[in-house]
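Scrolling down, you'll hit the structures one after another.
The following pair of complexes shares a single chain, subunit A, combined with subunit B in the former and subunit C in the latter.
== the complex of A and B ==
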């Protein structure tokens, strides 16, 4: 899963500023260092969400609690410094992340099993079971902090 | 090993100085030194010679990363002599070294975020294991082909 240096065809995008691929350990370190993290859980998180639901991090369920658009507008105003996303429709999430990337100082991290180029940091492309393992590991490392 | 270190791909670096400027903006002094235009980063040694040689124990480990205690540092420059890669230096009577921005309120190192060429990467032992795995497989392939040639 890790060490895939080219997760995304470089020619498919028009700029250099694609997301940095991170491992679970670095993602956990980012959460540890952030003052006010937020976890945004979408409707397609599948089994992975079970491992994230009881985390002691502020969580927002979209679209159940809040529309993603409203949330994206709210995030820079509320003083969050790290926002993590999981289980949101790929193209819709990319649109939202573009806004956060260009018009806010918030750092974005996607925990999906696929590379999301518009985030600041993203997991690489993974198989479904690989992704589940990564989320389990993410949870385990967070608990051990 | 250390939880994470910054590594640079010199072939991607365009020598734009963005990392140095950002580092200076965040820490007051640029903690990155350049060699032939390419930045050199502290390797965050596990068994840090700078930490060992410090006569006043001004360098301590924070999350396995050596960090300089500015209050304790006497600016003797012993760490500069001990550092094998020249990544630590003394300025204004205090030693400065890269701490992966652990001593300021940042989520990730400022230089990594500032790098527009994607030449800087944050890596940890998980990455190293993943990099080594294909190499081991390649070796097995080469060995098995070599043995086939010799035997048959």
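== the complex of A and C ==
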């Protein structure tokens, strides 16, 4: 895919502070080092969600269990230090994440196959099959910890 | 001062008496001039800070939640300043302050738009009818202007009175806009209070504008059975000269329609419109048609069906001249907000103007009197030369296939699409002569044209989508003509059921067409709510979008549901201006049902609405600055709102923590904790399912009686089960006592509550208020 670390929607960035692109290995290390990670799963994860559903990490399904923005508002208060997101409408997640970017110390990581500039860390833009392989590898590496 | 002949005869012998003393007011022609204009009530004509105490009450509960679009501020030449990671700009501003300032700026822009529009309307109708022309909205509406009464503390009786309201608003707007200057407000809460003030002014000027045009152009005055009018591209007869009016200001359209009627040309010419001008034209005349909301603007222009395009103001494609040139349509600009660099031809005669526009392709006519003849005669002339061309403006299917084969499949069209629709995939299929995906795209696309701007092969993507869409879809729908205000009589019937919760809620669909998934979703939301006996009202582009769905019998929702303000009623209020009638209805409930005095009594009325009136606004496709002003205006009245996912780009929501609220119970004379209703003042939903469930939740109010609350809980639970296959995860927050549990779902809910460790509340407030 062209422009791996250009925001999937090119105008999604906020000019100065953009997510660092990470590999699956770095993402796994981030999870390993966090004290209290949270995984937020949206409705549009597709096949990838199969590999994440039974992870032994706290999970919230949005919007079924909680509105994304209400969740983003609560996360700093509840003591999570790492929040991961997958399967949420791209521009909606990207915009909502600016709250955590500017007004909290919570680290955010997006696991979609699209680069989300307003997270702290993000997977790069990937084709669908590439992304699925990345999620499988992410899961495999986590299991092997 | 005019004095009737009969009165003169009466007064003369009296004034000839000696030692005559007259006390009190002399009422001539039924008007007590000075006394009626003296604002009444605790807070008439509030200044910027007069209602701050109310705003702070709201903001203390519903905290501003900011989502910055940019890390920087670039408003002055000290900058640009980096405000990220807790930094301050050169003037001391920080990120939250900057967002609050931008929200205020957006609200001011929206309010100014509506104020200028209303000013224009007032001037036009006063010129036509005179300042003393009375405001009379029919025998079913005594509270002619509930927002004016509540905010200004006056009753408006004539068109001239409306000017006083505009003067107040224009003065306040100047103060508000000045607060966005460098080095002004330094408090987030005060910026938000000013934004709420701008929203309230926006509501006020919209009421002024709509009353002016209802009275001035004899539009429906709250009639229940306004005519059903045609909507959709295929409703327009291409074999006639077509005049397309785009924008929001009905004045030029009225001249066009008047001229047509004067010359008996109604059958010969098609007059149609896009956006609110269309809605107002159909309130003025049954001969006008509606092409559609904003989402169909570029598609219809590209189709080349319009021979003459008349633009007025707001939400018009700013590249209209360039687009019209491609199809040979001529453009007439009619408003000082949109001059397009054209020479003002107003000083010429109509025939001279026609000749000039024929030569140059476009013209500006600021003297609207002349637009009627010019537009109509131009249409008749231009049509003759464009007749054959109309069929060639859009590419045929073979040409679409050939164009598609030039696509390099770079994928950037998908990426620049605001919704990331599968544009590329649709074009790839079109290479093989398969157009189904393009046809599906047509249903959801709102023709912003960003894909075309990005395409490295310069493919006319919008034209390709439009052509396929027109071939594959029957683009003929219905919408009810905008009726304007809700009648006092209707409020009397439904006020109690709404307040007590017997009617599950009033849902007002407003806003633009920046939908995440096409217009149909809005219609399906309305359908779901109508089937559940909510009252559904709509205005602006939303009211047209709701008409753009048909059931298997070919009926739109406007064909199926009555236009009465009652359970299961679907009301088209009218254009964007008519959103004021939503707040107006809530205010009337406070006055008619609860006997609250209105004049200058904003905070008390808003407090009542917040705690008792189960109304919620839905701006599913909110896009413009006007939309954020409308939303913020609703909020100050205590009416919560749900916006679509794109609308979080407005940068600010008002969200509570979702925990118990505090109120003062006037009856129990104590402060107490209550359930968090309404949970948020403005929140966003990601998709259709979430929006529907949130609507049900936000209709709940602290003052619901158990029977009413149980009905609202029933809808909340059944909607959640229908769309998410589970119970609402926060249901226990909204069940106050066992009496709130709907009988039909008792076992299920009781079991659920047991799992959650729910305990009933010891007491429920009888007269909750935030004003303590």
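Note that the second predicted complex is superposed on the first by the 131 of 145 C-alpha atoms of A that agree within 3 Å, B and C clash if a C-alpha of one lies under 4 Å from a C-alpha of the other, contacts with A are read in each partner's own complex, and residues count from 1 in each chain.
Everything below uses one rule, namely that a contact is a pair of C-beta atoms (placed from the backbone, for glycine too) under 8 Å apart; a residue touches a chain by one contact, two chains touch by 3 or more.
Treat the numbers as computed from the prediction; the structure is a model and nothing was measured.
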| item | value |
| --- | --- |
| Partners on subunit A (subunit B, subunit C) - clash or fit | fit |
| First, second, both or neither for A:91, with subunit B first and subunit C second | second |
| Which of subunit B and subunit C A:115 touches, first, second, both or neither | neither |
| Touching partner for A:80 - first (subunit B), second (subunit C), both, neither | neither |
| Touching partner for A:65 - first (subunit B), second (subunit C), both, neither | second |
| Subunit B, subunit C and vertex subunit A (Cα centres) - angle in steps of 10° | 140 |
| Subunit B versus subunit C as contact partner of A:20, first or second or both or neither | first |
| Touched partner set for A:102, first subunit B, second subunit C, both or neither | second |
| Touched partner set for A:35, first subunit B, second subunit C, both or neither | first |
| Residue contacts on subunit A - larger count, subunit B or subunit C | C |
| Shortest CA-CA distance in Å separating subunit B from subunit C in the superposed model | 10 |
| Intersection of the subunit A residues that touch subunit B with those that touch subunit C | 1-2, 16-17 |
| Partner subunit A, residues of subunit B touching it in the complex | 3-4, 63, 102, 105-108, 112-113, 116-118, 121-122, 124-127, 129-131, 133 |
| Subunit A - residues contacting subunit B, complex | 1-4, 16-18, 20, 22-26, 29-30, 33-35, 81-82, 107, 120-121 |
| Of subunit C, residues touching subunit A in the complex | 65-72, 82, 84-86, 95-96, 410-412, 415-416, 418, 420, 516, 645-646, 648-649, 653, 655, 657-658, 680, 683-687, 689-690, 694, 724, 726, 729 |
| Subunit A - residues contacting subunit C, complex | 1-2, 8-11, 14-17, 42-43, 62-70, 73-74, 88-92, 95-96, 98-99, 101-103 |
